[in-house]
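Note that chain A is present in both complexes that follow, paired respectively with chain B and with chain C.
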Partner chain A sequence: MSKGNRKYTPGRCALSAVLLTALGLILAGVPVATAQESSPVDTSVVTDSLKTVSLLPVTDVEVRDNPNDEGGTVRISWRPSTDDSLGRVALYFIYRAVAADGPFEKIGEVTAGTFSLLDGNASDDSSYYYCVVALDTKSAKAGLTPDMLVGLPTAGPVSSSAQWFNFQRINTFVACILLTTFILLMIQQAKSGKKLFIRKIAGLEAVDEAVGRATEMGRKIFYVPGTQDMDNVQTIAGVTILGRVAEMAAQYETWLQVPVSRSLVLVTAREVVKEAYSKAGRPDAYHEDQVHYLTDDQFGYAAAIDGMVVREKPATIFYMGAFYAESLILAETGNASGAIQIAGTAMPSQLPFFVASCDYTLIGEELFAASAYLSREPKLLGSLKGQDMGKALILVAIIIGTLLETFGIWDFSRLFSVID
Partner chain B sequence: MRREVPLFITLIVGVVFVLQYFIPHYPFNRMNGWFSDWFSIVAAFAIWLGALNLLKISFMKIINRKSDWFYALVIILSFGLMVTVGFAGGEAYREPGTVFSWLYDHVYTPLSATMFAILAFFVASASYRAFRARNLEASLLLGAAFFVMLGRVPIGDWLTSFLPEGYRLPQLATWIMNFPQTAGQRAIMIGIALGLVSTSLRIILGIERSHLGSE
Partner chain C sequence: MDHFAVWIAAFLTMGIVSFLYKDNPWYKLSEAIFVGISAGYWFIALFWDSIYSKFWLGKEADPFLWVGVFLGVLMLLRLIPKIGWISRWPLAFIVGCTSGLYLINFLASNLMRQVQATIQPLFGPDFGASLYAAVGSIVIVVGTFSGLVYFFFSKEHKGAFGATAKLGIWFIMITFGASFGYTVMSRMSLLIGRIDFLLTDWLGLIR
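Moving on, here comes the complex of A and B:
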């Protein structure tokens, strides 16, 4: 192993991943425990302080800053009233004040059987006191006046605060770090000249054949980059593949037509096609109107392309990007016109339609791999291998998880739960 | 510079977008909204590029009397009509009872609905091809589709009503959808997620840059 490679051994890489994770957590900052311990509520005086409304005892009211959020939220929780289990409680009223002795304002109510509430209207700059009262149906209807709350035990003070790291997403963070490390590691290996095996992808092997067919038949190639804008990764992947297809079309001197449904895609696709023609040594063959805008409307776009396919009968049609219900309308029309069709999308619900109607379909990840596969650039191929390492890790996790869950040894799946 | 500036902006925005998912603190918690607003503003200005391009191509078709120039004329007239009626209607152009609203409800909506309705016929023709039992995989697909479709209609339940509860066609259809189908779907989703992360990383780090066009 060369000296240059030594520093990227898998062991060191894993260590780096762990260190990076730890560093990330430190930089992100463990949330400061700003929640104040609450004092338990003494409910023995509650009913005595009221004349017309009977309150039922509520014990152990706790207030604390809601964790892992952007601030402005306090969590109030309490133990069930002893009357709750007897069916006497109808509602819990929750009150808030900026001073222990009030005045209190009602911030919410929950039905019996619920023992917590999130106060989402707190200000990070203020401290609050909370008071929870349980009421039966009759008392809840009668309502409470602020003076009835005087003397009731309160919990607090507490103030809300924003956190610098959402610990509910720690698993996603670790997965991102691991995957990023794998990808960067494999890119380094690919750059150092290591040969990487990439499995054959039939749909991409057929790109040459599809462009060649259009050349032989003397007909157009249609390239449809989906119906979404440039903020969608699938559209970026589609436009990237367009560059490779345009280069081949320029070499074969075949007319490539790119109808788009978004103005920003129009601008980007034009640049990409123009560069591809220059790269192929045919800048003179590029015509700006090859890439043209139709409409932003989903079905208007599908209707326009269907019309062009029926009238102009292209030899080859590519569908690469994000598609919705228009996928089958486009693909079936293309199929009926006799064109060879290659599709690629990461929309799981549209994949069956493309598989049924197109000659070749790039399924999900293959769309994202297409650019690397067609260009054979080591850096891009390296990222594919890194992706495969991530896949291997997930496979191992699935096997371990299946065994642990099947035999009831440990709730493995909770490691992968993400709370939004 | 033509590439460096977009690459730099991509790097900054990409990193910030990743960070804002993990950091709920200000200003990260607002950045997603800010960048989305900026994108909407840029896209709103860019719509004129598309509209002008559409008009230019259509006009050229008519002037050069290219084949199917009649369709280009329909595009220009429709475009002109909707824009004129929309601007003439003022701020309340979308209110019920306006000409714009009438055109929208009685021309645009039925046309869109017609295109969507065609999907039903295309599903039938695509299913016919997909479910032909040419090999083992296609036969399995055909079998699964047969049981799922039959299990989703009352006759499926009636046909297997003599079987004990839990072994009837509706339960079989549910089992196929919940287990083999979900497992396959999740495998694809995992691949897509990994591909998304990998592609995003390539774009953020500037390894993938062909979408930026010429130097």
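Moving on, here comes the complex of A and C:
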């Protein structure tokens, strides 16, 4: 390793992980919440006007900023009306105002037996007051007029705020740190020259054969990167594989055509193909028209590709990315035209169609492993190996958890609980 | 006017369906109209939904929208060849942010929740369920375990490990078979909907 390069040693990786964890915990401890402390209110006194329509009031209304969120939400909870247990309460109406004396507006209602509500329409810059009223069916149907709420005890003020750290997802944070550490360790090993084994993936072994077939037949290669945008990881994986396919097409001097359905994919795919042609030493062979836009519409895109396939009869078609209902329309037409087809997607509902109508299919994670497999770059191979270590840990967790639960110890699986 | 629209819709539907016979001028015309109109429609829809509704009307309330505009302008620099390379920055931003966001989402949904759902008692006094539920639990645990083994890339699928991976791919293929049948049935309902349109709205044979 050159002197100027940053070195990732196992010790440093572990230290980074510890420091990141500590940073997260420190950030979490920063008092960022500006919500008022909860304010218990005794609402046992009810105005005369309210008595005519409502049941007994609820007690101990508490309002507070909803924790572990991005702000904008206040949690209102209360002790049930004594009439609730007698079955006389139909609904609880929840009201909000920016001043203690109103005017109040209704922000929601919950059925009897529910004693909390999240107000998701709060502004972090405002303070609010809340009141809760229990009503029977008749009163709930009639509704309350604003004057009936005058003088009603309120809870507040409270304001919502965002938190930097979601403590309910600390397990996800730990998993992220572990996985990142595994990947960094493996990348370090790959960089230091250790040979990392990757098993054969049939669909990727066939890429060479598929490009070669198109060259021999003197026909085009079609590459379809799915119908989703660049904010989808499958599209990103598809465009990454496109780079490798384009490089081979440039080397073999075979025409590669990439019809896309999104403007951002168009721009990215053009960059990737252009770079691949340069890498292959054939920048002159690249034409911008090779990557072209059709339409954003899912079925319009499918209809256009179907037409192109039957008219131009490509020798090879790749489908790599995220697909929906158009998958079978595309793959079946390609199959009927006699093209060799290689598909890859992580959409569980579309994989059966590709398996049925394509020669090779990359299932789920094989799509994401493809770029490492095809390029054999140490960084990517190390990343793949690191992910395998993560999977090994999951397998161990499943075995331990299943055994513990079988023998009646239930706490282990709670380590994996994620609350939104 | 409505009647005219129904005739156009029927004409284009039949044009697309004619592809089942073979590629023909009718299909080509329908395809060109479909692609052209949908591309134009999406352009207008994105303009009104994003540029007008989100940015133009909301720019005062949310100053962060200017970040999006800035990145959009950088993207348009592709049109100027000398500084076109700058358009790679917003692309890098999108790809980087997407990867980061998805990492956390996948860890939460595909890892944590999946592991929690898989961990369940196989049998025993605390299980207290029927034989049917016990078999279901075993299938879930064994299926998830062997399926995960199939997706190991850094170990050769040989011996016991290979056998487990093979069991995993069997589980996956059986799931695909069930999913295939289910989806074909839902596609049949789409076909029925289209035939219903032709027979009811267009020809008036069903009232």
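Keep this in mind: the second predicted complex is superposed on the first by the 265 of 420 C-alpha atoms of A that agree within 3 Å, B and C clash if a C-alpha of one lies under 4 Å from a C-alpha of the other, contacts with A are read in each partner's own complex, and residues count from 1 in each chain.
The rule is simple: a residue touches a chain if its C-beta (ideal position, glycine included) is under 8 Å from a C-beta of that chain, and two chains touch if they have at least 3 such contacts.
Bear in mind the structure is a predicted one, so any value in this text is a computation, not a measurement.
A.B. asks: After lining up the shared chain so the two structures overlap, which partner does A:A397 touch, if you call chain B first and chain C second: first, second, both or neither?
C.D. replies: In the superposition, A:A397 contacts chain C only.
A.B. asks: Between chain B (first) and chain C (second), which does A:V310 come into contact with in this model arrangement: first, second, both, or neither?
C.D. replies: second
A.B. asks: A:W78 in the overlay: touching chain B, chain C, both, or neither? Say first, second, both or neither.
C.D. replies: neither
A.B. asks: Touch test for A:N232: chain B only (first), chain C only (second), both, or neither?
C.D. replies: The answer is second: A:N232 touches chain C but not chain B.
A.B. asks: Answer with first, second, both or neither: which of chain B and chain C does A:Y92 touch in the superposed model?
C.D. replies: A:Y92 contacts neither chain B nor chain C.
A.B. asks: Once chain A of both complexes is superposed, is A:W164 in touch with chain B (first), chain C (second), both, or neither?
C.D. replies: first
A.B. asks: In the superposed arrangement, does A:L351 touch chain B (first), chain C (second), both or neither?
C.D. replies: In the superposed model, A:L351 contacts both chain B and chain C.
A.B. asks: Please indicate which partner A:F115 is in contact with in the superposed arrangement: first for chain B, second for chain C, both, or neither.
C.D. replies: A:F115: touches no partner chain.
A.B. asks: According to the stated criteria, A:V267 is in contact with first (chain B), second (chain C), both, or neither; which is it?
C.D. replies: both
A.B. asks: Taking the contacts chain A makes with chain B in one complex and with chain C in the other, which residues are shared?
C.D. replies: 169, 172, 176, 179, 231, 233, 236, 264, 267-268, 271, 293-297, 299-300, 303, 307, 311, 325, 328, 348, 351-353, 355-356, 363-366, 369, 384, 391, 394
A.B. asks: Show me the residue ranges of chain A that touch chain C in the complex, using the header's touch definition.
C.D. replies: Within the complex, chain A touches chain C at residues 169, 171-172, 175-176, 179, 196-199, 201, 230-233, 236, 264, 267-268, 271, 293-297, 299-301, 303-304, 306-307, 310-311, 325, 328, 348-349, 351-353, 355-356, 363-366, 369, 373, 384-385, 388, 391-392, 394-395, 397-399, 401-402, 405-408, 412-414, 416-418.
A.B. asks: Going by the contact rule at the top, pick out the chain A residues touching chain B in the complex.
C.D. replies: 28, 68-71, 162-166, 169, 172-173, 176, 179-180, 183, 187, 229, 231, 233, 236-237, 239-240, 243, 260, 262-264, 266-268, 270-272, 274-275, 278, 289, 292-300, 302-303, 307, 311, 325-326, 328-329, 331-332, 346, 348, 351-353, 355-357, 363-369, 371, 375, 379-380, 383-384, 386-387, 390-391, 394
A.B. asks: Over in the complex, which chain B residues touch chain A? Could you list them?
C.D. replies: Chain B residues touching chain A: 18, 21-26, 29, 39, 42-43, 46-51, 53-54, 57, 60, 67-68, 71, 111-112, 115-116, 118-119, 122-123, 125-127, 129-130, 185, 188-192, 194-203, 207-208, 210-215.
A.B. asks: Please name which positions on chain C make contact with chain A in the complex.
C.D. replies: The touching residues are 16, 19, 22-23, 27-28, 30-31, 34-39, 41-42, 46, 75, 78, 87-88, 91, 94-95, 98-99, 102-104, 107-109, 111-113, 115-116, 118-127, 141, 144-145, 148-149, 151-157, 172-173, 175-177, 179-180, 183, 187.
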